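A, B, C and D are the chain letters, set down in written order, and residue numbers restart from 1 in every chain.
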Amino acid sequence: MNVGIVGGTGYGAVELMRFLTNHQAVENIHLYSQSKQGTPISEVYPHLASIIDNPMEELTVEHVAEHIDVLFFATPPAVSHQWVPALLETDVKIIDLSGDFRLSDPAVYEAWYKKTTASEAYLKQAAFGLADVYPEKIKHAQLIANPGCYPTATLLGLLPVIDQDFIDPQSIIVDGKTGVSGAGRSLSQGMHYAEMNENTRAYAIGTHKHTPEIERFLSEKTEKSIYINFTPHVVPMTRGILVTMYVNVTKNVSEAAIRERFISFYQDRTFVRVKPSHSLPETKQVYGSNYCDLHITVDERTKRLIIVSVIDNLVKGASGQAIQNMNLIYDLDETEGLNLSPLYP
Amino acid sequence: MNVGIVGGTGYGAVELMRFLTNHQAVENIHLYSQSKQGTPISEVYPHLASIIDNPMEELTVEHVAEHIDVLFFATPPAVSHQWVPALLETDVKIIDLSGDFRLSDPAVYEAWYKKTTASEAYLKQAAFGLADVYPEKIKHAQLIANPGCYPTATLLGLLPVIDQDFIDPQSIIVDGKTGVSGAGRSLSQGMHYAEMNENTRAYAIGTHKHTPEIERFLSEKTEKSIYINFTPHVVPMTRGILVTMYVNVTKNVSEAAIRERFISFYQDRTFVRVKPSHSLPETKQVYGSNYCDLHITVDERTKRLIIVSVIDNLVKGASGQAIQNMNLIYDLDETEGLNLSPLYP
Amino acid sequence: MNVGIVGGTGYGAVELMRFLTNHQAVENIHLYSQSKQGTPISEVYPHLASIIDNPMEELTVEHVAEHIDVLFFATPPAVSHQWVPALLETDVKIIDLSGDFRLSDPAVYEAWYKKTTASEAYLKQAAFGLADVYPEKIKHAQLIANPGCYPTATLLGLLPVIDQDFIDPQSIIVDGKTGVSGAGRSLSQGMHYAEMNENTRAYAIGTHKHTPEIERFLSEKTEKSIYINFTPHVVPMTRGILVTMYVNVTKNVSEAAIRERFISFYQDRTFVRVKPSHSLPETKQVYGSNYCDLHITVDERTKRLIIVSVIDNLVKGASGQAIQNMNLIYDLDETEGLNLSPLYP
Amino acid sequence: MNVGIVGGTGYGAVELMRFLTNHQAVENIHLYSQSKQGTPISEVYPHLASIIDNPMEELTVEHVAEHIDVLFFATPPAVSHQWVPALLETDVKIIDLSGDFRLSDPAVYEAWYKKTTASEAYLKQAAFGLADVYPEKIKHAQLIANPGCYPTATLLGLLPVIDQDFIDPQSIIVDGKTGVSGAGRSLSQGMHYAEMNENTRAYAIGTHKHTPEIERFLSEKTEKSIYINFTPHVVPMTRGILVTMYVNVTKNVSEAAIRERFISFYQDRTFVRVKPSHSLPETKQVYGSNYCDLHITVDERTKRLIIVSVIDNLVKGASGQAIQNMNLIYDLDETEGLNLSPLYP
């Protein structure tokens, strides 16, 4: 299999390379970069020296059509949608790690991203790559909208119960905590080590781009327009997302029953682990891996369901899930290239 | 002024020493420790060498009566309540940093702490030392129950609005993020550097001891029994607490009006800073200082008020507020010994 | 291939499991533990849930003889030497990650470790598992003394030049910086997160156990008794070692010539990367991987050669090199199971 | 006393403000900035809100002459030397935290800084502000060259022995480890949190600007031209420097005798603490404070003296020492405004 990566110098691309170089079915990796054509990736990322030394290339539809079976976009918002229509004319499979194809309505995209994306017709062609929930749709798609990091952790936590009659789907509060790699490689004062170290802050309260992506799939499952509160925070670590979700419980239901529902919902899903009551998830327990760990509590005093979900934002929240989607498309073992224990400690 | 500190080897005590050695009115500091009598504190904490080298002493009521004006308890749960009744017979002022006198009902204490405390009569004698809200009561008390770290950050965020008709006081969700020093100096696997570094986790979901302390003062203000959801998390940093509070808004009210209410509520309170809309609080912006920074958002989409509060858990959340309470009792400038800029970066 | 790990609850064992579960030739993994028999490893380390759930077993020579091809000791000092004599009577290959078989003289071991080890006859049977320097000896050994973390980083930096006439082999100063995982999983005040975070310190100045291990192999190569200064430091990170070595240059020699010598010395050694002049090694560039990156500077002002070496202390400095040694013994591709890019960022 | 700070937006300036707002003799603080005139400092640094809110002003010689008693330069290289000649015509005292006046020879400055500074006549007018070694010279100077962070830690460790006959002054190797705040507030990829976290690296091997500053004062004391090896490293923490110094011992001398020499050398120097043998210095033990902790080992095996020195790079290594120099000039208690315990943990 020949794969291509667009946006070769971001963290998403680098993480794709880590998994692809450990993947039995991958033969060649082409890196496309507008800004760094001709530069070996190992000059940008010295840790890749002697692992991937090939120079970055210019992206053209022709080059892709001729050399590539699967093309990953690991690009900022509003890039991939400019290339996808022409690429869909070829046989290449496209897995887009950006947000361009995750929403079904271009107007909603524009409202939250302050940029434009593809037209609705193209958006509808994309399968949403939440691999542990929608594997069948993914297998038959040419274009995958790979989910955002927060939506992955949040939807895996909410989809098993959102349509159940014992909760109020309009009561959802999502409090997210992420490591800094989610903000990418671009420099900013807030991510300067001296100022981010020993620091925690909220950001984008009520305005984070991932909000409509979460709401879309909750709404589709319930066939109602669901609105959530989503407040992201950044904490001083490189990798990991922990999402805490609060849902009002409206009928008598036991914690054990809800846990059973989760276990059954994710039966045979290697990468989703429903934790026992006494074992709270920790971001370090999924570090560097494609796992999502979930935990359920029912607080009887306040009649609220509290769901905790942890992932590695760069793996299950981006590149790992993208590889999982590639495996699904090619009918490979879903875990190929991803079969790695979390790195601990 | 002569001060004594019981529990000399914990972080609370060490932080008291930092402020007391910078305090103009303090002449002598006596350290009491059961386990380390005779040992200079600078052997336990070498950073204090040449600053405080006096040996730790045995605590007796007689010694306190003779030598001490203000006695701080920086002890684990269920210690101070054994000493307080006898000490109240003397003239000493007592500031208890433990939870023993923070709840009004011994049964509630026992239910959450799984230990016993003093009888209700003694609990009623204690003034709750939330210095920026109850200064008048504090000034006239002999016994201060110094608030917990989470309750300080949370109550400073909620008390300005809890009794207002535009919110639902039973809808409150409190999501806390703390640095590890809140867990104290005792060793545990979860606080081992290799396992806490690059790690975030929730703990004590629905069962944290600080829950009834927060509920007590919300209930007193509203004259209703208020129940909250409180979920604490630990993030990889030494100091700092950030609390995110979610409250349902039930009537039309503007964000600006709520912010004005906060500003007016904390008028003349040096250590509480209400932040403008564009400036989100960060734990690092209060690092090592006695400030509490507060921020208000109204999310119009979901009709929720989101309040963010940050403090240094060891200062405003413990020792700094204890010094502020001492200043109030002695009618000193409230900021004496505490008038330090946060340490940044 | 059936492998066994003794000391199943330490970081060395956990890291072995990460690589062994990614290794094509490994069929079964047996974990031996005296203290936790019957407990699944995934209860001690929840990140292993659904990856390795088998219970820990009792170590006996008979069990090993019957079920195990390669046995790893990931035990504290003075454990493995009690088992090895009996195990050498069986066909099992033994890779000892502890220091018990790294020195050739039991008296030297006792002087530095303050414990006793095996007799000289057994010590002589062990091949020193510095895989990138002594592969031939390793291939034919039944017992491997897997090198310490500091000795690995240091010897890989010094062996290419120690016997050259342009340096003074008695002038060597080794200044090491390690992450905290090198201190293992046992709790201590110095490794408590609140006290290790934002902290750097030297330790064991002039007395670190790894000193005689480094001196032994420098002495063997030069056929002189070499003494070095070795000063280790711990810095606030979980993984990684950076060693800075200072050597007096006694004759005219160019930096380029020395670099060429390193490149030629490590020709065909996949896991040793000699860096170009402009690219200084960073511990993060080998994070989680089996690479050792080396850099050479000649300071013309002071006539000193400065060598910088970085490894991941738990991988190349322990478990990764142990797997590499297993591959060498079984004549497998040396990189099998280890062929993973460093984790970045 | 009225003080001014040039370069108001850097970490040096912010740290000056922390101490100056805690200083009894300081009445007004003027901040000068070319780029941010009119902006309140609390907009650049929100942690200063309600502490220092005054807007930054334009620097002119006239304004300084009229309003300022002591002027601090906390500016990048090659700025202060452009202002100092004119300012020396006024009565203002100048404390320059940059390197412009630390070397006595403009050619040496140019060789290491790749920039030009003032002429030799002006350089000679500056007193080197190593407050614990040269207090008398400082008291009578109008212009102070405040030492660099590494030179402070290193010279305090070496000056007590550099001229003694039991060491070889040409054998000195200095291995430095610094937190990232030493690199300042300017953004760079290497200081991006995601890439600096969990990372240690050497930098500027053999070429660091602080080398000639250290060599100058070692040479002056010995009346020989001393050359040293200086290799700085950056470790993942915000504050703190630990310097490890290696010196060949040429005559029999006991560790105890050298320690006594240090104790006597720093008699009555509040901010230098010579540690006992069993207590190794840690950067956290001086965090946020003006202390320098020193430790001495003699390694009998290799005949080397190993000196470890720790400071907070922003305090004793910059702004704290600058305040100490101001106190010396004004004949105030040397500890005024600085009398703060280290922040621990």
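One rule holds for everything that comes next: contacts are C-beta pairs under 8 Å (C-beta built on N, C-alpha and C of every residue); 3 or more make two chains touch, one makes a residue touch a chain.
For reference, the UniProt names are A, B, C, D = N-acetyl-gamma-glutamyl-phosphate reductase.
Just so you know, these numbers come straight off a predicted model, no measurement behind them.
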Task: Required minimum of steps from subunit B to subunit D, each step between chains that touch - done: 1
TODO: Taking CA centroids for every chain, report which one is farthest away from subunit D.
DONE: A
TODO: Mind checking the centre-to-centre distance between subunit A and subunit C? Centres are C-alpha means, answer in whole Å.
DONE: 36
Task: Chain centre separation in whole Å, for subunit D relative to subunit C (CA means) - done: 39
Task: Chain centre separation (subunit A, subunit D; CA means) in Å - done: 46
Open item on the list: Give the residues of subunit B touching no fewer than two other chains, as numbers and ranges.
Closed with: 11, 179, 181, 194, 197-198, 236-239, 282, 284, 287, 345
- [ ] May I ask you to sort the chain touch graph into line, ring, star, complete or other?
- [x] complete
Task: In the complex with subunit B, residue positions of subunit A that touch it - done: 173, 175, 177, 179, 194-195, 197-203, 205-206, 227-229, 231, 233, 235-240, 242, 244, 246, 280-284, 287, 295, 297, 299, 301-302, 304, 306, 308, 310, 345
Task: Residues on subunit B engaged by subunit C in the complex (per definition of touch) - done: 11, 179-181, 183, 185, 187-189, 191-194, 196-198, 236-238
Task: Of all residues in subunit D, those that touch subunit B in their complex - done: 11, 14, 17-18, 21-22, 45-52, 181, 197-198, 238-239, 270, 273, 275, 279, 282, 284-289, 339-345
